[in-house]
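Each of the next two complexes has subunit A plus one other chain: subunit B in the first, subunit C in the second.
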Partner chain A sequence: MAGAGGGTSDVQWCFSQVKGAIDDDVAEADIISTVEFNHSGELLATGDKGGRVVIFQQEPESKNQPQCRGEYNVYSTFQSHEPEFDYLKSLEIEEKINKIRWLPQKNAAQFLLSTNDKTIKLWKISERDKRPEGYNLKEEDGRYRDLNTVTTLRVPVFRPMDLMVEASPRRVFANAHTYHVNSISVNSDCETYLSADDLRINLWNLEITDRSFNIVDIKPTNMEELTEVITAVEFHPNQCNTFVYSSSKGTIRLCDMRASALCDKHAKQFEEPEDPNNRSFFSEIISSISDVKFSHSGRYMMTRDYLSVKIWDLNMESRPVETYQVHEYLRSKLCSLYENDCIFDKFECCWNGNDSVVMTGSYNNFFRMFDRGYRQDVTLEASRENSKPRSVLKPRKVSTGGKRKKDEISVDSLDFNKKILHTAWHPLDNIIAVATTNNLYIFQEKLN
Partner chain B sequence: MSGDNEETQTTENTPMDEKQVQDKVISPEKSEEAKLKARYPNLGNKPGGSDLLRKRLQKGQKYFDSGDYNMAKAKIKNKQLPTAAPEKTEITGDHIPTPQDLPQRKPSLVASKLAG
Partner chain C sequence: MEVNVEARRILAVSISKLYASRTQRGGLRLHRSLLLSMVMRSARDIYHSSRETEGQTSEEPMETSSKEGCDSEITEDKENMSPTKQSRKRRGKASAAPDFLPSKRARLEPGEERYAAPMGSWRFDPPPTHIAHQGADLHQRSRDRGITGTMVQALRSI
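The block that comes next holds the complex of A and B.
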């Protein structure tokens, strides 16, 4: 299937698979914290609160069968990070994987970066399907042979073995962040990457672990004057000198690394003007950007704040070119959402392969897709009730008015503990991965 | 004459109603803000900003003093210490951790259920 399908008007989604335990009693460690397809879409990585990474691989035999190309099976799993305690600062360091980013594939092995709050690691995932047999000096079980019994020269040969997938940490990038790392982004030059914490952004070379360059520092000299933190960072998909970072105040700054070594002065600042009359206690909190993603083309970028998704044209800083309401009905629930901390939930967003549709999560295990061309949107649900193989997902609707139609769900019935924060879209195909609290759902476009 | 009176009364009432309707329609946020301030009068006038940011930067901060800890451990032998309510992490160091309170910091040895 070439390309990533048309608009939501003609695309129907159906269930493919769900991964994870069925029981409602969710262990903290099983909470999924990041989901990411690799550049070919063949591999799908997840990270969880327990510091573990699970990588799924698209079933090679199903790849070419349109009906079941959304079949992913476990390829590798490993413990990426472990809990630590910084005794000097009296700081507990969670093992939760905040982000995973794949490197473009250069040889037979796959590489990914995974990060927790403090340390970024480069993992190599490689396959082994042959092993040497017939050593001259060793027995098959490894014991050395008595040299007196060796009378002929025997050259070991490689024989096939059951496929083994090994994950090994190749680099550990540590001790560069005072605050909590929230995002990482690999450069299109495949040599460098960025890591951002609340107040600083560092540039690393993938080969060098003992130093990194600080290129953005927004720490005020007096911490009492702190008004803004960095929430996400991303490199431009093809301009290796350009990156953007978003803030808790709803602004996005674009920086050009050619201008100076320290990019504190931005080249562009994207901010939507706010009507001062509409300002409330919640305004700043809900304007905080939780995710920023460039389009594949590099012409646009998308930001997610608490209630909406905005598309920005890099050529226009004054306001977004498109704004999509994710769950506007929550605006009249902000008081209780503040009390239960849901107002601080960090939703991510993603583009489809040809930048025509964007997707983001919501509550009650709902997720939303917005078709930019057809100007249509749809709300779908990730639930075990719709988990019959290839069953088509029915659009869901939240009733906002007084009258609730059949099949609609009222705002007060929404389960705010069931949040979809992480979603991912296959780079070339209409296959999506949606993470609920502890389950991973894979959906694919229904083809007739 | 009665007609005139009715007219003036009607025109006087309408602007008020409209304003009330407008307030509700224009700013559901503001009515939510009023609700919040009613519940938490000490919230302060700072827009939800710097306090929250600073709390966010301090995430993970635990206060541990081995002297306090050992004294608290000694006290347990004599009487039951009240267990601290697991509130949202307070920034103060008032709470002295006791052996029961210290969380297990072992890494998860169990494989992810996603791989099951």
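The block that comes next holds the complex of A and C.
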């Protein structure tokens, strides 16, 4: 069995925790919109439609239960974004958190970037477990003492206090995007980051908020000629000059910032020719890429479109090296999915720690894992019914033929309101976080 | 024929989605609008080509049954079949406005006379309630005219 990843053949997943309200009546503000582990995996951040960020911290492994990794408990909760109103355009700006990205930790404090449709914010999350006591000129409650009563000199000392976690906004990067921000990515240099909206990509310095460089602009002179938009952007994990951006046409462009200040001309373009047999009214929609993620090694990148996950080798632009069908049985249902808007759902994808397994979500609260080495895949479900502590998740199967076997679920029985759009994999261990509409499920590898 | 019906249905669904997205919180989503317009364009093209095919098949019985003295009529019918001149000639079944489009005649709901706007101007001059309800304003619409412009052209050519 491999260390961090393991094949799906030998890894059994069991339920660990579920966060969020139990009732079926989902408040819109509680809908989870992004999930992200930090670089060590100790912290897990979620953002929701109400503009809040909730950070969970993993407890240290207890000696009493060595077969169980530490649980995640709430560490900090704060309101990142508020609804705003653009008076010039007469438009409301949603407070929904579109993306959260952690910065690599440099000191005791943690930093993350969170973004809504228009504004990116840098948050500092720091712990306070001591406070100064015994001020010379101040009372314990902070009021200044009458100077006439001060007769001695004393130096304040730090005394322990209950742990307090403070989140404070350190930078606000605003007014740089005309269109809706869909992704952010921190550079490996830890000094700059990218933010992308439908038509433009901006490069920021983390210290400077009043200006940014526009490095990609695909807005046509005449908007009637618009044929594609930017859907995601990501910096290369090791090369600070390289980034990729995906488009609604199913192409991925790799750009090198050393080539020129404006990266409209790509260095590489990754595109797979469309299969003419699969052509339909909805071909453009289902080929739109909803997420792009580099592997940890930086050699590969993964893209998610509506029906599949594709792995690309950065050295080969003509076609992906691997293609995994997430829910091919939906291809014949595209018209219904168009009518109920599900065809516009933007699924994300993620790699495990050693790039051997990839994961993405589907409908009916199913999520899928694809083992690249063993060429195996598994479908699991996040549901309250399977939420007994340490209960092993049973693989699920969707029946596509006429005969439905026992324990299989037919395509027509799938609940398209229960969708898993956001998933995250611990960078080092086999721990995954899966977001249903308003609940966060944490599953761990079964340890014997 | 089935393709024609399907194309019409998809066109109707797309138009209603595009219309509904104007009042969505957060304003018009460019990505979504673009995808909707692409679907509409495909459906419109299929609808057009299938109607032209239907028009050609319905022309044949006329030609075989009344050959003498029908040259002028046939010439007129051919003129009718031409898409550019269709609207000028007398309206046959093929050139009637499709029923999935909203009626051009403004229909006033009781008590809403103050807020009604003529159908033809909806894309540029929305009724005041749209602005109050955070709909896309003229500024936004002129920038995104590409999407709505494409849709309007699609409606005109049907």
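Here, the second predicted complex is superposed on the first by the 433 of 448 C-alpha atoms of A that agree within 3 Å, B and C clash if a C-alpha of one lies under 4 Å from a C-alpha of the other, contacts with A are read in each partner's own complex, and residues count from 1 in each chain.
FYI, a residue touches a chain if its C-beta (ideal position, glycine included) is under 8 Å from a C-beta of that chain, and two chains touch if they have at least 3 such contacts.
These numbers come from a predicted model, not from an experiment.
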item	value
Subunit C versus subunit B on the shared subunit A, clash or fit after superposition	clash
Touching partner for A:440 - first (subunit B), second (subunit C), both, neither	first
First, second, both or neither for A:411, with subunit B first and subunit C second	neither
Partner chain in contact with A:46 - subunit B first, subunit C second, else both or neither	first
Contacts of A:342 with subunit B and subunit C, given as first, second, both or neither	neither
Subunit B versus subunit C as contact partner of A:231, first or second or both or neither	second
Subunit B versus subunit C as contact partner of A:20, first or second or both or neither	first
Which superposed partner A:222 touches (first subunit B, second subunit C, both, neither)	second
Partner chain in contact with A:74 - subunit B first, subunit C second, else both or neither	first
In the superposition, subunit B vs subunit C on subunit A residues touched	B
Touching partner for A:88 - first (subunit B), second (subunit C), both, neither	second
Among 8-16, 62-70, 80-88 or 98-106 on subunit C, the segment whose C-alpha atoms clash with subunit B after superposition	8-16
Footprint overlap on subunit A, where subunit B in one structure and subunit C in the other make contact	89-94, 117, 179-180, 198-199, 223-224, 226-229, 248, 281-282, 284-285, 335, 338-339, 344
In the complex, subunit A residues that touch subunit B	19-21, 29-30, 32, 46, 48, 50-52, 54, 74, 77, 79, 82-83, 85, 89-95, 117, 179-180, 198-199, 223-224, 226-229, 248, 278-285, 331-335, 338-339, 344, 438, 440
Touching residues on subunit B, where the partner in the complex is subunit A	26-33, 35-37, 39, 43, 47-50, 52-54, 56-57, 59-64, 105-108, 110-116
Residues of subunit A defined as touching subunit C within the complex	88-94, 96, 117, 179-180, 182, 198-199, 220, 222-229, 231, 248, 281-282, 284-285, 288, 335, 338-339, 341, 344
Touching residues (chain side subunit C, partner subunit A) in the complex	6-7, 10, 13, 17, 25-27, 29-32, 34-35, 38-39, 42-43, 46, 131, 134-137, 139-140, 143-147, 149-150
